[in-house]
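Each of the next two complexes has subunit A plus one other chain: subunit B in the first, subunit C in the second.
Coming up: the complex of A and B.
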């Protein structure tokens, strides 16, 4: 009986191991395929940015030559990487960074304060205000964009940095995210500080804000991506290259008759670098921010 | 010290006064970085020649120009001078955004316009000119010389020698069997269904076949767009697609000159020549669009310049437009960009389009077969409905049903707008 049983068990274990091994192989292969699908366009973008002939880039598209460059050159980057003149993409990149940093910086302060007051403040009608904030979130940005254009143009704000920053500082989503985070912190923290005589602002600044690093990181990342990817709004409110962000500037390469693939690719690589660096630096927060915003938002 | 300060303040005030006395005109435009830089230079030169004028350029990317224009309309910030896509002219004039340009622009510029250029800038109600451009556009049939020679195709050298429908379809069939040819023709489905390409390039096939997108006298689409010649023309194009003769949308817009040159013919815009010739050199032949019926037809229209009704200085705006259209830098850059001439003097100075030039046949089309897209305020609805119908037909839909639906949609839009008076009175 035992003589017969041992080979059977061994065979079963072997078979299970082999099926686990096969599963791992399938999983690895699937991950590789998915990674390839995601990475290959980025790789193609990088390769194309190193070719200096826009017609060649177009001719190479659709074949494996799109992933190969025989004589790489940085000439596209040299052409567009100026701070002034015809192709001042260095300037546009700086403009985008200024807009991003200002929007995120001011957004963290304003939204966290609003979230804190809604969670712990003694404001009357907090529940109603919170409901209104949540209700505002369902209104798509596009539906208010034209009235907003009229407002900012009457205020004489067009073609400025401010017009690309101010309207996007306060956001119902981020107020709600902060509210949720602050509301989950123990009541005792607030009460103890209150007994010690701390003002509401002091409690916010010295106790709750330092504890809210995960929320700050989440909002920074989400706001940063949103600001970086703004396209329609800056088109409507910028007129010259003074405050033009890089996303709008890249669109100049897509003309009525021809597309300047060489420079467009190099400019896209330039645009990708800061957001890629941000992603690599805050990879852990990045993943949790999406999970968090999906669950909470 | 006090006196010096007072003098400084007085001088500053005087300078401020001069600065305030300057007339500012706003010019809204689109274009790639080369064009943006060119307009910038022209503005500087105009300012140097007219020290009392400041030109402020307002830029919008080509693909988002309509959104930017809508925002300018809503915020009551229309510029003095604006670049506009020719088929939208009727809509803008009807909406009251543009003013007649003839009295504002130099007479020699007006006299220099080609017939096609005049057609693209004319409003059909008052027959007045509302916009003028240095350039125009057209679509021709590009051919791969070695493939055409291999099937023994006749190569037309002028518009009068254009292929007939029978010849054209016969060549498509022969090319489909020729080794090395994957697709007999690229009709640039790769430009997608949301661009103006479908109406611009395929509309003339209907007109050549003997019908149109809309009846240009009654301004009714039912009975015209869904008439037998139109249904037959679209069924013919559907057959090319189902036969596998046409480069699919997913294969992009470079199959005519990509490695191996898998497409033998290309029904492409004048701008395609530069892209294709760069790769194919002498292997490319440029032919007129085939005659699909009783007459030849080709498209026209491009981005042209108009002066808005909101302009407080229309005379200076007109002076700027005249200055720009005659400017050497503007013409040099347009020539480098293979721009299709809209002014006779510019054509004479463009070797690509001059007699004997590789694109001469394209320019010949401007005077012989060019038909402007329907100059009607309902044009946005017309082009949208037609694009939808073509997409449905190319994806296997019934041509008659799709065109009838599109025609009804166009007529509905016109009815909803009470016939866009006074267009309704033309009937």
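Coming up: the complex of A and C.
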């Protein structure tokens, strides 16, 4: 290389560095804006839940005071965090947790088993069943909700935990997700286990299920969010506090005469905590599962 | 250990037959290789033996027991797959001990058997590793370890060396052969590589289009191939075949070259004249040929020449300077000729 070429190369390196630097700045700024848009309502919610004057909360909305609390208090949480009585939000939270844990737990077992059998089982009409499962997915929940209400009320299941869990355990979307995940695992794994002497259930339990952590995490999160946010169904099938979930209970704050913003904000914070914890617990596999499916050829 | 008998076994997918009545007897402790080009049905036959594919007709017996409808786990066989099929979430020890655990053996006994197998395959230091932490050769050894730890009656290998590089393949070939000599377990080994088949097997089964072309010891197949397919499939470089007919005590190729025959040879139904590259030598009184390509390998020299209109391979042990375009004369070793009829079957 000649001496003249060296400054040219240095200039090129410098210009590349500066363009990488500006790209980095644009990236950071974009992420910051997105984070602000997403985080600011949550932050506002948290701040409002620490204010004990519901009229003040209303007055602060629309200004920067919504993001500031001068004398924070947990009195709203103390008021609603009861296990019985008028403001039994402790109980509603526990109810929601029971429904969430049962639906997700049973859902993981049932949907993964169904997905496994559709992917690897030697049952007749497998392709037809799979097509039906996919077809079921396009039917909106709301369209079947009234016949379902009639069915469960005739079965005497209303106002129970079971009525909020059982209908939502099996889901065409999650069966299909598991099916897709299991189907892409190599056939030789199944055959090697078969030759090793494993039954079909043992192959599912000992080989395929431990390999499906990303799918389990994805389904846990999606199913958890779906169960946690159920509103229409519990309104229709619960009449008392016995099995009422927190999402329905929060709506009672928004009465015709007045809105209890302070308690509603505290209840919303309570409602957010478990689902955030679930997401954080499974986030690593959830993200890797989406990345995996994105880069797969 | 057990013998294996395959009798008139057929397989069809819908209306399409893929295995057409294959029969063979594999003796107790024998190492048999199924070899043939892609799609010849060798892997399907092995999978039928393992119980991974249904049998459309015929009988398979392992140790005298009819196993047509017996589940794979009841056949007392172990299989090594081309992709190794190791359980990714289990350590080497867990992979090797999985079958024993399913049988309900106690932990100490399983550990002892796994350790024995690991010692045989030099896997001792790797027992706590996951498959992803192993090299290709090590994974291959774990797959074999998983098979031998069960002390099965029959080992089935489905192209186990195909995913390894050339050098490692040679090493593993020797290891598998050594393992068989130590354990003396009946082994059926599928490969498309005829060198693998030749070097490892007690007997080779050459297959084509779902049928057996020839069964025999490696050198039998090499020295007396039953037909033109086996003649060209076994041996590298492949046997030279010339199409033509016999006239005036010589074989006249369609390209006009005149090739010598043994004195007094009188069978006229010869359509194909075969000679292996190593059985052709330079000779002043030989058949005229023109050098096309010269490929020195060090130990020998591969030469492609034109005899008549046919490209012909020669393998010369001596280092001789030859140039493309040079006129030479070559003569076949008349005691090692292979003559085939119009249907391709051997006539001499």
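FYI, the second predicted complex is superposed on the first by the 265 of 297 C-alpha atoms of A that agree within 3 Å, B and C clash if a C-alpha of one lies under 4 Å from a C-alpha of the other, contacts with A are read in each partner's own complex, and residues count from 1 in each chain.
Note that in this section contacts are C-beta pairs under 8 Å (C-beta built on N, C-alpha and C of every residue); 3 or more make two chains touch, one makes a residue touch a chain.
Just so you know, these numbers come straight off a predicted model, no measurement behind them.
With subunit A as the common reference, subunit B sits beside subunit C without any clash. Look at A:62: by the touch rule set out above, it reaches subunit B but stays clear of subunit C.
When both complexes are overlaid on chain A, the residue A:125 reaches neither subunit B nor subunit C.
With the two structures brought together on chain A, the opening angle seen from the C-alpha centre of subunit A toward subunit B and subunit C is 150°, to the nearest 10. In the superposed model, A:156 lies in contact with neither subunit B nor subunit C.
Set against each other, subunit B and subunit C touch different numbers of residues in subunit A, with B touching more.
Using the contact criterion defined above for the overlaid structures, shared-chain residue A:146 touches subunit B, although it does not reach subunit C.
By the touch criterion defined above, A:232 reaches subunit B but does not reach subunit C.
Judged by the touch definition given at the top, the superposed model places A:87 against subunit B, while subunit C stays out of reach. Here the smallest spacing between CA atoms of subunit B and those of subunit C, following superposition, is 49 Å. Once the two complexes are overlaid on chain A, none of the subunit A residues touched by subunit B in the first is touched by subunit C in the second.
Residues 53, 55-56, 58-63, 65, 85-87, 146, 149-150, 153-154, 158, 231-232, 235-236, 239-241, 248, 251-258, 260, 263 of subunit A are the ones touching subunit B in the complex.
In the complex of the two chains, the subunit C residues touching subunit A come out as 50-52, 71-73, 77-79, 81-89, 98-99, 102-103, 146, 150. If you check the complex, the residues on subunit A that touch subunit C are 186, 188-189, 191-198, 202, 206-207, 210-211.
Per the touch definition, subunit B reaches subunit A in the complex via residues 30-37, 40, 56-64, 67-68, 70-71, 74-75, 77, 251-255, 257-259, 269, 271, 274-275, 278-279, 302-303, 337.
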